[in-house]
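We call the chains A, B, C and D, going by the order they appear; numbering starts again at 1 in every chain.
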Amino acid sequence: MKYKSQAVAKPYFIAAIALFLGQILFGLIMGLQYVVGDFLFPAIPFNVARMVHTNLLIVWLLFGFMGAAYYLIPEESERELHSTKLALVMFWIFLAAGVATILGYLLVPYATLAEMTGNNLLATMGREFLEQPLPTKVGIVVVALAMLYNLSITVLRGRKTAINLVMLVGLWGLAIFFLFSFYNPSNLVKDKYFWWWTVHLWVEGVWELIMGAMLAFVLIKVTGVDREVIEKWLYVIIAMALITGIIGTGHHYYWIGAPEYWQWWGSVFSALEPIPFFMMTVFAFNMVNRRRREHPNKAAVLWALGTGVMAFLGAGVWGFLHTLAPINFYTHGTQITAAHGHMAFYGAYVMVVITMISYTMPLMRGREANSPFAQVIEMWSFWLMTISMVFITLFLTAAGILQIWLQRIAEEPISFMAAQDQVALFYWMREAAGVIFLIGLLLYIASFFIKGKAATAVAT
Amino acid sequence: MSSAFTKSAARNIFYGGAVFFFLLFLGLTFDTMNTLPQRDNRANLTESVVRGKHIWETRNCIGCHTLMGEGAYFAPELANVYKRRGPEFIKAWIQGQPTGAPGRRQMPNFHLNEQQLDDMVNFLKYTSEINTSNWPPNIEG
Amino acid sequence: MDIVLNVSISLPAPHGNRRNLPGDLAMWFFILAELLVFGIFFLAYAFARTRNVELFNASQLELNKLSGAINTVLLISGSYFVVRAVDRIRHGQSRLCAHWLIAAMACGGAFLILKLVEFGTKIEAGISMSTNLFFMFYLGLGFFHFMHVVLGMVILGAVALKAWRGGYHANDYAGVETGAAYWHMVDLVWIVLFPLIYILN
Amino acid sequence: MTAATFQWLTLVALTALTFGLAETGVSGSAVLIPVLLATLVKGRIVIDRFMALQGVSGAWRWVVLGWLLLVLGLIAVAFQHTQN
């Protein structure tokens, strides 16, 4: 850690991990509700559990991105953060807003919550992933703008590198496209059309810039490869991501009332969306292979490589599986989408945030890397979480294929609920894999508390 | 001959490519907005439908159901439920929740009054008449 | 990818009489992505046509083949002028290089005007991308390519401006080659697009 | 630069030929094969001469030429298919 102000990332990362744990617990509740329908009903109905699960994911990833930005931008800009105090204040505001929102979901009926929070003035709630009450949405914008002000000033006054510029562009894009969450026309088709401008242009657009910048930053640090090389590949990869991803939004416009030509535009461009992810995988492995130093933080290297592979599998391969319109006609809105969503979010965004945490946390705690034993535990958690996520994806894919067959293709299609009963076995197996994931996550958290002799750099 | 791979060229490709494809996206969006009136059933977007959409949102229906395939995958697709079940069934179903059948998935009771139920049904009717390019594949959703 | 990465890390001396890639590698990645997109669209057209032959043949008759052919000649000529521009800068003649680039941009401009006239008559006739599948491809691909010509002209304009100000030299003109490569790609794509959509039935 | 001028005139001539063929009103293989061949030659000239990919080290020439061959080949397949 070169600059004192970088330490402000620490509370962000701690909050991220805590909320991650909450997300997984609610995931397990939902997984069980899939097979034991009345579990926790009416205390926590499925829709509430799901809202908590997905919103926690978004909030903790945002915590992760913000923490990463506060860590890497001072280092890249070669100066202290413009205002550490502002960053800390924003942390507490965001945490309070996040926790209050989750408690609101859990303790107040959603319709009452909507009324209490001014949803009748400007109705924005009740749309997937954007369920947050108006004050929370405004809070997200305020926190994001304060952060962007803080970071932009830092970059403007300091060194400009590809990494901090791309990170900044990504974060600005994140804030700008979130503004579409305030637009909720009563025309359902328009509502859905622009809803994707937040959701798709986040996860298959500007978030990829943030991810690329974070990965590039860690790779420079742990491999010692020339910055020039890493930065130009970063540009090429994210260029590919946006070239394919922006029009790739069209793969969401097939069946929501938009013109039919989106079936062609969406299919062609999203068929190419795996390319940037593949490049990222090759890039990560190449850089590690031509490393000029042996970084003692082996766990961080493992997470970085894992991000490349799992992002390609989850976002690239599983996305491609059902992105072509004639296939999507059958898979749209089934467990196939759930399978893809789980592995893509884990592989791309969860893992890149953990990569960043894994690399920076030891530094913020005054050592270059954790003790070998702590790293072994962390690597165990890597494998447990990653492999169980592969299985969650496989089980959901199997459930999805069977569901599609029974409900949409068979000679005598059966109803949704009848099909759900038929695929229950896969839901049980998914839940079991989910428990393994939780164990992996608990090990990961435990690895932070393991002391031991600090590792020193080993030169080979 | 100069073979090169420079950071500035890569940067220009990134910014240029991003702007280029975003402009293309705006162009297609412009055409989409002009074409929507023929597809989105806006003629039937009545006051009641607007109220129905509001109820749909404030009861977080999307947290379990899909609507045109988007949402959660826990409960049936509802964009075509009007055609699958008809108005009376829908109202009776909403009022009859939760079933309380042990081990079965449960839907909360939202205590909707008669007018709210009608608004809900009108919203689902309007939704079912949007041109979705023949999706879903069959009436089961 | 491995080979490519090698290039980027240590620029190897040209081996044998082989030349290096003209222009910047980053541009060639962009060109490759563009060719992929156009290629898939062309094949989508060809195979979608197999299921709607009559519709495609009937709709195709409404196109202005002459306008398409003139546009082909315009782009070919633009490409040729760019070749001349690269040749001039190789001899260190910045001003002449800029002149040839401006000539190429004029060809592009004429292409755009003709294309706008073509689109105008179609729009006046009430034809849009949603009219039928043929016109989806004709207008969609046409507009997509149209935007590429615009982008190509912007790139050539930037190169011409820099050349005019003496920003390139006889031994330092990679930027000219980079811009030229993109412009040739726009031409190449049209060379396939023209017979495919205007001629073949 | 006589070579480039000659290539340019070839391209123009091939375009005229393609257009002329279309104007005669013939259809089927009689137009398909010559037009695709003319396109192939035009594409090759642009790739090898204008883009100057001929003699370039590495795979780039074959990547772009391969694109041209693949696209034109599959177009030929698709159009032949409809004639049967």
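Methods note: a contact is a pair of C-beta atoms (placed from the backbone, for glycine too) under 8 Å apart; a residue touches a chain by one contact, two chains touch by 3 or more.
Please read all numbers here as calculations on a predicted model, not as lab measurements.
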| item | value |
| --- | --- |
| Touch-network distance, chain B to chain D, counted in steps | 2 |
| Separation of chain A from chain D, taking each centre as the mean of its C-alpha atoms, in whole Å | 46 |
| Centre distance in Å when chain C and chain D are each reduced to the mean of their C-alpha atoms | 15 |
| Chain A and chain B: spacing of chain centres that average the CA atoms, whole Å | 23 |
| Inter-chain centre distance, chain B versus chain C - centres from mean C-alpha coordinates, in Å | 39 |
| For chain B, residues contacting two or more additional chains | 5-6, 10, 13, 17, 24, 31, 35 |
| Per-residue overlap in chain D, given as positions that touch at least 2 other chains | none |
| Residues of chain A whose C-beta touches two or more other chains | 232-233, 235-236, 239, 243, 259-260, 265 |
| Touch-based graph of the chains, sorted into line, ring, star, complete or other | other |
| Those chain pairs that satisfy the touch definition | A-B, A-C, B-C, C-D |
| Footprint of chain C on chain A - complex, ascending | 226, 229, 232-233, 235-236, 239-240, 243-244, 259-261, 264-265, 267-269, 271-272, 275, 279, 282, 286, 290 |
| Contacting residues of chain C [partner chain A, same complex] | 1-2, 5, 8-9, 26, 29-30, 33, 36-37, 40-41, 44, 129-130, 136-137, 140 |
| Residue ranges of chain B touching chain C (in the complex, touch as defined) | 1-6, 9-10, 12-13, 16-17, 20, 23-24, 27, 31, 34-35, 38 |
| Residues on chain D engaged by chain C in the complex (per definition of touch) | 1, 4-5, 7-8, 11-12, 15-16, 18-19, 21-23, 27, 31-32, 35-36, 38-39, 42-43, 46-47, 49-53, 55-60, 63-64, 67-68, 70-72, 74-75, 78-79, 81-82 |
| In the complex, chain C residues that touch chain B | 7-8, 11, 14, 19-27, 29-30, 128-130, 143-144, 147, 151, 155, 172-174, 177-178 |
